[in-house]
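Same chain, two partners: chain A is paired with chain B first, then with chain C.
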Partner chain A sequence: MSTKSINTIVDRRDGKLAMAHFYVAFIALAIGGLAGLLQTLVRSGKYELPWGIGYYQVLTVHGVVLGLVLTTFFIMGFQLAAVSRTSGALTDKQRMTGWIGFWLMTIGTVMAAVMILLNEASVLYTFYAPLQAHALYYVGLTLVIVGSWIDGAALIMAYASWRKANPGKPSPLLTFMAIVNTLLWIVATIGVAATVLFQLLPWSLGLVERVDVLVSRTLFWYFGHPLVYFWLLPAYMAWYAIVPKIIGGKIFSDSLARMSFILFLLFSIPVGFHHQLMEPGIDPAWKFLQVILTFLVIIPSLMTAFSLFATFEMFGRSKGATGLFGWVKKLPWGDARFAVPFIGMLAFIPAGAGGVINASHQLNQVVHNTIWVTGHFHLTLATSVILTFFGISYWLVPHLTGRVLTKAMNKLAIIQAVIWAIGMTFMSGAMHAAGLLGAPRRSSFSTYGGSEQAAEWIPYQVAQAVGGSILFLGIILMLYIFINLAFFAPKGEQEFPVGEVADAAEKTPMVFENWKLWIGITVLLILFAYTIPFIDMIQNAPIGSKGYKFF
Partner chain B sequence: MAQPGIGKKTNTKVEDQSSLKGTLASVFLLGFFLIITWVGVYFLFLDRF
Partner chain C sequence: MHIHKFEKIWLIFGITTLLVFLSVIGVSAFYLGNQPPSCLATINPEKVDTTAPFDKPGLKKVEGKEWDYELVFVASAFAYNPGQVEVPKGAKVKVIATTKDVIHGFEVAGTNINMMLEPGFISEYVTTFDKAGEYLIVCNEYCGVGHHMMSSKIEVVE
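And then the complex of A and B:
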């Protein structure tokens, strides 16, 4: 028997640690949401920013605060809570490690934020060279990453003590998933840490004059693609292992869920070139190879789709549903904990279709650097992932604060998600359409000298502003619900749902916990996909670029 | 007493509870959607380049 107690309630002290992460995440949502609204208004051509604030400064705030801060903090908080719930309370040492990680991340966030607000770092959240920010911006982002590693260390320590106490047993599914995502994050962030520490920081400090742009961008995208899976996998944790419990069904297959997570670990890293298809200096053969590896990620994605449909259908049929789609009606549409993530799942259908298009070299030529891409990741990240995170918050926040999600809040939560879906249909739909007509992303309003083509984009930009305004309303609602659940909702016990596996499912084999094997294959794939291209880039490097500050 | 219904064949097919045909249909629809959108942009590409 396990020596650690496995509770159905997250330990209060672990709950505080998770909540600390969530406070930062939701403050980020407020700031970033306002920035997003301003962007759509500016791009409509009907509004100008006051006090000489630049568009790209606002866009940097939006990208950093939502793409990097909100996501990382929410994910770390959620994973800490999930591990504590399924593998037992953290030890004092593990919890202390988590707090150190949290504070480092927070200090780093504040440093980066101050530099952006002082207009010393309007280089967007991707900080591509040769745009050059103040050194403290890079230091701040480095601290965020180092802090997240330390948070990750706390998770790995907790996992190791569970394994020690339960020899020969597969770890709890949610813990396993959190560990896969943590490993993915650690392997991925090595790339961005390398470009920041060895290239951008010395260069912004003036220690070296020039920077190799291609190497830096390649290291960034070595990190940038797994970054999107780092965002997505916590949503998958909820879809695979939590939503089945919420609807009263069973997990379709524990092994299938673990298998798909392992496949994401293997195939989400050696694929960064699919963001660099239009870039000179990389041999097309290697781009081709990485595109093939990218397409392999479709396999676990479709496995996920299948498994979710199956979970819902099995549940519906157990409730007496008949016909091809009768089970849809049996799902608990009035329960925000289900309905909100479900809207997120639906959004993933067009999101995934867009992703396959982006990754196809020829089609990438049609959409590259257009606002289509922005439309795409507002479906993946800003709808599928974010609505799932909201759906998680609706039970996790009251669970951690000893409160309950009331009927009124539940209803408001569903309204919130519907508003989000409507706003995003307008904004993202218009972005996709304008992108196909050639409208660029990351661009303030311009008529491009009265160009006819640019005039075609304007109605779509107005539609984006309409969508953006609706979305901003959604953000205000979400903040209201969060504050209610954190501070004002009635006291009580809100369940932390953890799914059980269907009786008919196969026993989980231990091979999934063989980290030497999985990390070994991950490293081999990375070496295979990147070694020769890197040697090429370095051997044939042009003279580097000086830094540019356009702000 | 005559038992109504006995001897009459019941016509209602009992559906197998473990049937996953809705799932099969759903993933097929999903697959078609992926193909249609992809081909759509592919024709845009052919048209432009």
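And then the complex of A and C:
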């Protein structure tokens, strides 16, 4: 696509920046995984935490470190590498910007972590007011977000230089996708930044006495749903643009891939009310409107599923496969770079179906805040997304460190994914089942005063502990492979695979690069979905709440 | 931009299913009245104990309304008032609840009653208790160290 000579190796200095992000991400995986294991053990009723550590303190660690830290650092590192690989090495100024972003995020993470360890912030990673954490917890999380903006600025600057050097040409697909995800992130995080900076921080510092709880939650969930698409889109980048190359096939259609990313940008933000369906103070008609918008992301999801399977089938048939499903056998099942993300894709089928249930106006009543929800996002985030991130690491980490993925590590990686799938089947399956019986999420072990109903949930909690133990084994394996690839694997050149478009697919229209248009529509949709209910909320607001520290 | 024939069929099928699905939940919500709890009434959370109907938590028979009883709950860290209540089987009941401090959940396990209690707001839901038995009420929104101890009980009696 580009006339500039395409480099096939990420610049070494950019590689260092990306690896710095990955070190933090995998340390987070280690800490968060241990917390996850402890949670399942406590919830089985057969184990108690030592040294006065609280269950909710551990759960705060797990949510912050895996939901916010691991994801943001991995995604930023991956996107930096992808842009450097497809649009050329960053300039010194761009790379410096990236490093500033990285250090701000890291300092913020340490601040938040210290506050959690001191039990000054056991408010979980969603920090709902009027539970009030120490001000430094909010400052820490703010730094993580501001740091990620600065990281994002480095990406946007690199994209702008590419466009300037290649006038009238569509940008490389991976760069384009990284930019869409960065824009989505910036637009979304404005909501959480607003509630933290203007409401929670002054309130926790004692500058104001009261906080408007509903406004704060609404700003949080304006951010909370696009957050999940910010996690998902990097996985889609790999599925659309990298996995085809790994199997030796072609990208089905460049234009459709771009279109689906644009649709995610448009429809993932004005939908936060689907997390607030059970809340007072919001008119149900507005809730329903956002439910409709929520369901529109099903369209790009269907497009993605079609493209992926079309790529797989085209490849299989080009290798002489016959019959309806003959192509399945031709896929490279022994290659971890393909097999691991593929297991992630499979998990997305039940995960997506569960998501449709969650977002359905009334069905939500059955599952809202039950452990079903936790089961759901351990399929989406902790399986589909995370296994794809693991699959990316298997070639990206050695590519950046000048090493190779050996046969032995490749095999271990496949075993890792199978262990993960088995552990998750137990844990997530049992969570879904217990949730349907009413078992609440975010809850330590309890017999609820000997209640018969609660007694029915306990066998499922034991099953979750079995699954959790298997998953923890998977985490140890993953860390072992990561350390091998980063420090010990034999020196060599590991490919950074970038897919090419199938010959039949035609030229990519330039309209996809028209950011004024897409950001304009995004803003209009947000204003449409939020303006009136938000004004209602402020006009009819009850007296605000003082802070409580019930931990 | 060219779209493959099979992809067109796939998308048309998908989008049609989506429209049918949205119509079903839309009709259920707006025609049959199955809306999620979305009460718009507010209250001063610091004066809950002196504000009707929360000054007298528990079950109350009412006349001339679409429901036969009102069942009032006050939540605070980490308990519900009343801690236990009896409801006659088959009664149409309006559950009315609020919180005095942080956000709590109000979930009657094994039923469709599931709502958030937020300081400053009143939450309501109308339902009929058709099956006799004991129903556990749990707090399903994290509210502090005692969150998993926070519960109450509804006994539906003949």
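Basically, the second predicted complex is superposed on the first by the 546 of 551 C-alpha atoms of A that agree within 3 Å, B and C clash if a C-alpha of one lies under 4 Å from a C-alpha of the other, contacts with A are read in each partner's own complex, and residues count from 1 in each chain.
Here is the rule we use: a residue touches a chain if its C-beta (ideal position, glycine included) is under 8 Å from a C-beta of that chain, and two chains touch if they have at least 3 such contacts.
Owing to the predicted nature of the structure, the values given are computational and were not obtained by experimental measurement.
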Query - Touched chain A residues, chain B compared with chain C - result: C
Query raised in the report: Of the partners chain B and chain C, which touch A:56 in the superposed model: first, second, both, neither?
Result: second
Query raised in the report: Between chain B (first) and chain C (second), which does A:207 come into contact with in this model arrangement: first, second, both, or neither?
Result: neither
Query raised in the report: Of the partners chain B and chain C, which touch A:313 in the superposed model: first, second, both, neither?
Result: first
Query raised in the report: A:353 contacts which: chain B (first), chain C (second), both, neither?
Result: first
Requested in this report: Please work out whether A:440 is in contact with chain B alone, chain C alone, both, or neither, and reply first, second, both or neither.
Outcome: second
Report summary line: So the chain A residues that chain B and chain C both touch are 302, 306, 310, 356, 360, 362-363, 365-366
Query raised in the report: Given the complex with chain B, which residues does chain A contribute to the contact?
Result: 302, 305-306, 309-310, 313-314, 316-318, 322-328, 349-350, 352-354, 356-357, 360, 362-363, 365-367, 436, 504
Query raised in the report: Which residues of chain C touch chain A in their complex?
Result: 1-4, 6-7, 10-11, 14-15, 18, 21-22, 25-26, 28-30, 34-46, 77-78, 101-103, 105, 107, 109-110, 112-124, 134-136, 138-149, 151, 153
Report summary line: Given the complex, residues on chain A that touch chain C span 54-56, 122, 124, 128, 130-131, 213-214, 217, 253, 255-256, 259, 276-284, 287-288, 291-292, 295, 298-299, 302-303, 306, 310, 356, 360-366, 368-370, 437-446, 448-449, 451-454, 505-506, 509, 540-545, 548, 550-551
**Report entry** In the complex with chain A, residue positions of chain B that touch it
**Finding:** 15, 17-23, 25-27, 30, 33-34, 37-38, 41-42, 44-45, 48-49
